Amino acid sequence: MSEPAPAAPAVTDAERAELRRHGMLLTSIEELCDWGRSHSVWPLQFGLACCAIEMIAASMARFDIARFGSEVFRPSPRQADLLIVSGTVTKKMAPMVVRIWNQMPEPKYCIAMGACAISGGPFKQGYNVLKGIDRFVPVDIYVPGCPPRPEALLHGLIKLQEKIRGQRLGTPAPSECPVPEYAAHDLDPTKNPQLWQPPVLVRKEGA
Amino acid sequence: MSAGPTDAHLLERAPFLLRDWLTHALPEPLRWFANTLIAIAAILAIFGTLFALLTLVERKVLGRVQNRPGPNRTGWFGILQPVADGIKMLTKEDIVPRAADPLLHFLAPVALLGFSVLTFAVIPYGRDLVAVRLDAGVLYFFAAGSATELSIFMAGWSSNNKYALVAAMRALAQLISYELPLLLSAVPVVLAAGTLSAPDIVESQGGFTWGFVPHWHVFTPWGAAAFLVFFISALSESNRSPFDLPEAESELIAGHLTEYSGFKYALFFMAEYFGMCSLCGMAVTLFLGGWQAPLAALEFIPSYAWFALKLCALLLVFIWIRATLPRLRMDQLTRFAWKFLVPLALVNLAASAFWSLSFGWAGPMQALRWAIGIALAVGPFVLLGRRLGAGIGPRTYRYA
Amino acid sequence: METTEQIRERILASLPGAQVSLVTNPGLAAQHSLLLGAAHALQAALLLRDDAALRLDFCSNVTGVDWPEREVSEADPTAPGGKVKRVVPGFLEVVYHLYSVALGHGPLVVRMRTANRSDQVTLPSLTPVWRSCEFQEREVFDLFGVVFAGHPDLRRILMWDEFKDHPMRKDYVEPDDFEWEPTPHGDVLERARRHYPAPARPAKEPAP
Amino acid sequence: MNPSGLPPLASLPGPQIRAVHDELHGDLLELSMGPHHPSTHGVFRMVVTLDGETVVKLKPVFGYLHRNHEKIAEGASYLGSMPYTDRLDYLCSMTNNWSYALAVERLAGQAVSERAEYVRVILAELTRLLNHTCLAGFLLQDGGASGTPLMYAFREREKILDLFESLSGSRMMCNYQRFGGCRADPSPAWLDSARALVDGYGRFLDEYEALLTGNEILMARTQGIGRLSPQLAVSAGVTGPMLRAAGVGYDIRKVDGYGFYPRFTFRVPIGADGDTYDRYMVRILEMRESIGILRQALRDIPAGPILDPKAKQRGLRPKAGEVYSRIEGPKGEIGFFLISDGGPNPYRYRVRPPSLINLTILEDMCLGQSIADSVVILGSVDIVLGEVDR
Amino acid sequence: MLGTGLLQGLAVTARNFLGSFYDRRRFVTTQYPEQRTALPEAYRNFPFLVCESADDPMGTLRCVACQICEKECPPQCIYIEKSKDKKPDANGKPQIYPAVFDIDTAVCMSCQICVEVCPFDAIKMDQVFELAATDRFGALLMDRHALAKPNSYFQSIHPTEAGEVDSRLLAARLAAEEKARTAAAAKAAPKPAAPKPPAAPSAEAPKPSPPLA
């Protein structure tokens, strides 16, 4: 995802902060939009595995994700803003996850919750396990843990809100990701090369 | 539109004074037009705000019932949460599925909202505070209200989604089943008041027995039963739990809303809340004395405040019920309507007729009148309830 | 419950000619098992279920085991002290654990073996006897490749239908979906080398 | 001895004949519910064929969470598989741990200390409370309640998880049992807080039942829905509360008497109708029995070592052989089948997943019911996909 | 009568609604991030490496790169490379040290098995869980610099366990010193077969003896 360099804003952040200090509220459509979006992140009601239970726990009384305005777990992807990939994505499941992602309307965000969603986690050795959802779907926030505590998910959500607040309007995002297909031995393709470039491979030969 | 009560005190007259102040500069023929526009704008503004607040209050009350605070960090105590939701909805991508019927897909939320708003026209919000004083206001209300379910069908059909289609079917079945008890439960009130005009029905509920029991219809045996039927049917008409079958998320994802995103979805949401508000408003009008104060001593509080208070109380009960009850099944829903509510409403018609006929009974006959009235209301409830609940009940268990 | 040996006798008494042999379990649990020949397996299973003294009406667990071809060296019968190497042909095995709910005993372990691991992998399905085998036999079919004759709905259950391999077999080769792994242990390095034939650049040096 | 009171199995029941639809009724609607669906409890998928709203065919599709637990375990050490068992039925890691530890102990001939046996019983029964409470919440969620029962369930679950966390270090993935005992010794303070929790749990159950059990809507939604006959239940290998709700009093805690369960007095509730309501009620009654077991265990727990320091954990190489060992998990019989070839990792490692096998008769229970009921029936089966697909 | 069960349920929710305003048991929310529940001492999230001093974490790591944890780690998320040279540890004894010690917290399953198998008390479980990041490789793949935390930190999060570890290490050190003294004494008094002075623990074959001797 290469973002075009945002045009220099008419009022710099420093100037804005200065004005605020003097009791003057200067806002822009952009700021208002980002504010609204960041406080109304509706997750998709979509549980995959163990982490889904902690995701549910995060929406329950002890942790109460509702305080952030995010308790509206929408069952239909059309009304959701946030895809929390909460658990192991198997190869059998991966096309569905990508399809769900494609069905969500822009602007949409993705949190990879837990080790499995980030990298395949403890199950990464498995033949049917996708080694990280970021091979197919752009991920905004990674929340590590196995499973992450509900607080860790809330922390991830706060981070996401911060990220949304820093976004510029009109940033083009890849809205549709190609859906992989089932093949005889593996998914085809095994990754979305536009999203996923493996980092430089190994540190030392012959370890 | 009347000129407003002239004998009442200032607060009571405040809405009219405000209106007249706004339009007094206009020439006479335009003034009527402007007055109407102002009424429409006021209703939209007030109920729009109420909708926004209601979403927040619902989330907060649900939270409190569930031992948690609910939204509380967007603005002071989360007061700006609906604003944030609105901004987000407005700026969200609008998706129309390729296989959908784009025109109907667009029209459904618009029509739904339109019909919901129409119902606001005839509800008396205060003394002489009614947008359109229709002679057949109650009839108009039910006609406009029942059109909303057709929009749900439109939405379900045009989405070209299986879940939405099933939801559309359910919406139709629900419409047919519950329109009837809703109407039938309103008929006794019309009988008693002798008018179809909503403001006149409220007027007819003025006055007090022994100085403290208001003459609201709900305080009569038939009125209580009719109120119950009306209230349950209203829950169903506004697709609220436990009758929210068209968007039963545990089986039909989001039902007719499955393919709606962005602001169209928000429109549906808004229309649903508008429908809820207008039905509660009608319940208040028909049974709870409308804008009448519950005590003569409290009549100094302006009438519209009483209406608002009663409306909010009813809405809270709606939310409370939603927080508690699971959902009925489709066949149970229709069975409940046809085998319980409709007979109850019909018997209740007789009960109210008896009540009207026995109007002149006095002294010991008054006690008899009450006894017969209560028997006519409670008896069918118990008997029908027993038939409805046949075969289900608590069980005892044995141990190996 | 009767001993496994007694149960074997009981089956043989009712089904003369049936192939039933005893497989002893050398482990501490000593759960010995009966090896049923495919020809009479269904009748034997029915007998186990319906026999008044056994009534093994509850098939708890069905699973497959892959025994690939292996080489064993054993004492040479011709030359004392010498060893000969012999190739034991591989086979697939299905193991059933039976209990009796009615009588509260169990488990009885029943096994069936295929002739080889490639083309003769058909065994009779015991789903008609115990409904609980339905999904578990499908799973054995999916992951091990045992074909159950008489199964009402033999499809892949865990992997997708287009999948060709039987991943629980010992010789299953995982697809080369290696792209990057954070912890380049020896075998991971090996996979990396296979995946990226070009010489991998020496990567991130340890930070100072 | 006939604990079940079952009629003898005379004929061959076999799989039921699937309903055939009459073409006069018009088109059938095929609906694919899942793998992303609000009430399939994860990534389970049902391909449902509907006549109106009546289910005429239902095919479950699995494997969307097949994460190769067995294959991974066959390449891992015996100890290394223990944390993976947490992730099977991720609501009940303690009982999974126990079942696996028991299997390895039987394979390796490892004795367990007395205190550890008590701790295991305590944790298993706490897990049962947790699981059944959550199940009732999820069931009502499937029935359309807007979260409130589930919230109350999770409120209590958090209290149990606090206990688990302060003992094992993790809320869900406890990884607590070891071969020959348990990893950490519960302190007296821990036992006191467990006692306090158990004392308060009965009161919570009373409130919970006031909200749910007498509710007419719940009764109407569940009574007579999804009936399961005892014959079919036994034949289909259904275990746990589902089997007992069908009227078969088969509880492995009683039948096998593993652990120290014979030392405790408790009763096994059984249902009469085998419908969804019975499945719900049996679990509620089981919770009350669990409270009794917990009271006894917390009263009698002896002092002593929790883990034999000589018990081998790392580099365990059991003698060649095989074992199948099972316990009564909250969802049913959770068993482990291990074959050792004397090496450091099991030659064959198999989990008997109660959730998967209990689903065998899902179609039988759902046929002829409405689509809304099939969701509730699925909820009453109590599945966790981590275990169904492994 | 029809509806009594419903009314009972409504009463329960009403009680909870009202209770949430005054009863702490009916208002259980911990308002993270401002409020936090105290984590229990046993809580574990990801491993960290114990070093003796916060000033020189790399020089005082307890880890001697024996690679047991790397082998035992069930999800294989630890990667260790031994150093070619030896560095003096906290006691000045030359030891092999980990030239590379990486833990991929995006893979780690928090199972604590590395802690259990470590014979040197060098790796322990941390309690930091606020690790959400936008960058998977930059933030979640931790190297030894990010992993090293001083013993004082360990004492602050797991006081009981740290106390046990410290007393054990101290006892071992005293025993080793005692042994060294007797060995030195034995060396001073010439004998036909003098015992060899204790050698530095070889890093190839890790001994269960404590490393700080």
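Per-chain residue numbering starts at 1, and chain names A, B, C, D and E are given in the order in which the chains are listed.
FYI, a residue touches a chain if its C-beta (ideal position, glycine included) is under 8 Å from a C-beta of that chain, and two chains touch if they have at least 3 such contacts.
These figures come from a predicted structure and were not determined experimentally.
K.L.:
Which contact partners do chain A and chain D have in common?
P.N.:
Common neighbours, chain A/chain D: B, C, E.
K.L.:
Of all the chains, which has the CA centre nearest the overall CA centre?
P.N.:
Centroid comparison flags D as closest.
K.L.:
Using C-alpha centres only, name the chain that sits farthest from chain D.
P.N.:
Between chain D and the rest, the longest centre separation is with B.
K.L.:
Return the chain whose centre of C-alpha atoms lies at maximal distance from the corresponding centre of chain E.
P.N.:
B
K.L.:
Between C-D and B-E, which chain pair is linked by the larger number of C-beta contacts?
P.N.:
If we tally the C-beta pairs in contact for C-D and B-E, the bigger total goes to C-D.
K.L.:
List the centre-to-centre spacing of chain A and chain C in whole Å, with centres computed as mean CA coordinates.
P.N.:
Chain A and chain C have C-alpha centres separated by 42 Å.
K.L.:
Can you give the whole-Å distance between the Cα centres of chain B and chain C?
P.N.:
Taking the average C-alpha coordinate of chain B and of chain C, the gap between them is 64 Å.
K.L.:
Could you work out how far the Cα centre of chain D sits from that of chain E, in whole Å?
P.N.:
Once rounded, the distance between the two centres reads 33 Å.
K.L.:
Got the chain B residues that touch at least 2 other chains?
P.N.:
Counting only residues that touch two or more other chains, chain B contributes 65-69, 249, 253, 323-325, 389.
K.L.:
For chain D, give me the residues that contact two or more of the other chains.
P.N.:
Residues 3, 37-38, 63, 66, 68, 71, 83-84, 87, 148, 151-152, 155, 158, 173, 211, 213-219, 389.
K.L.:
Quick one: which residues in chain A touch 2 or more of the other chains?
P.N.:
Residues 45, 60-62, 64, 67, 75, 92, 119, 122-125, 127-128, 146, 149, 199, 203-204, 207.
K.L.:
Show me the residue ranges of chain D that touch chain C in the complex, using the header's touch definition.
P.N.:
1-4, 6, 8-10, 12-15, 62-63, 66, 68, 70-71, 106-109, 232, 234-239, 248, 250, 255, 318-326, 333, 335, 337, 339-340, 347-348, 350, 352, 356-357, 359-361, 389
K.L.:
Please name which positions on chain E make contact with chain D in the complex.
P.N.:
2-6, 8-9, 11-13, 16, 28, 40-44, 72, 74, 109-113, 116-117, 125
K.L.:
Report the residues of chain A in contact with chain E in the complex, numbered from low to high.
P.N.:
61-64, 67, 115, 118-125, 132, 134, 139-146, 148-149, 151-152, 154-156, 158-159, 163, 199, 203-204, 207
K.L.:
Would you pull the chain D residues touching chain A in the complex into a rising list?
P.N.:
These residues of chain D touch chain A: 35-38, 41-43, 63-69, 71-72, 75, 83-84, 87, 90-91, 150-151, 154-155, 157-158, 171-173, 385-386, 389.
K.L.:
Quick check on the complex: what are the chain E residues that touch chain B?
P.N.:
Within the complex, chain E touches chain B at residues 1-3, 6, 9-10, 12-14, 16-17, 19-21, 26-29, 31.
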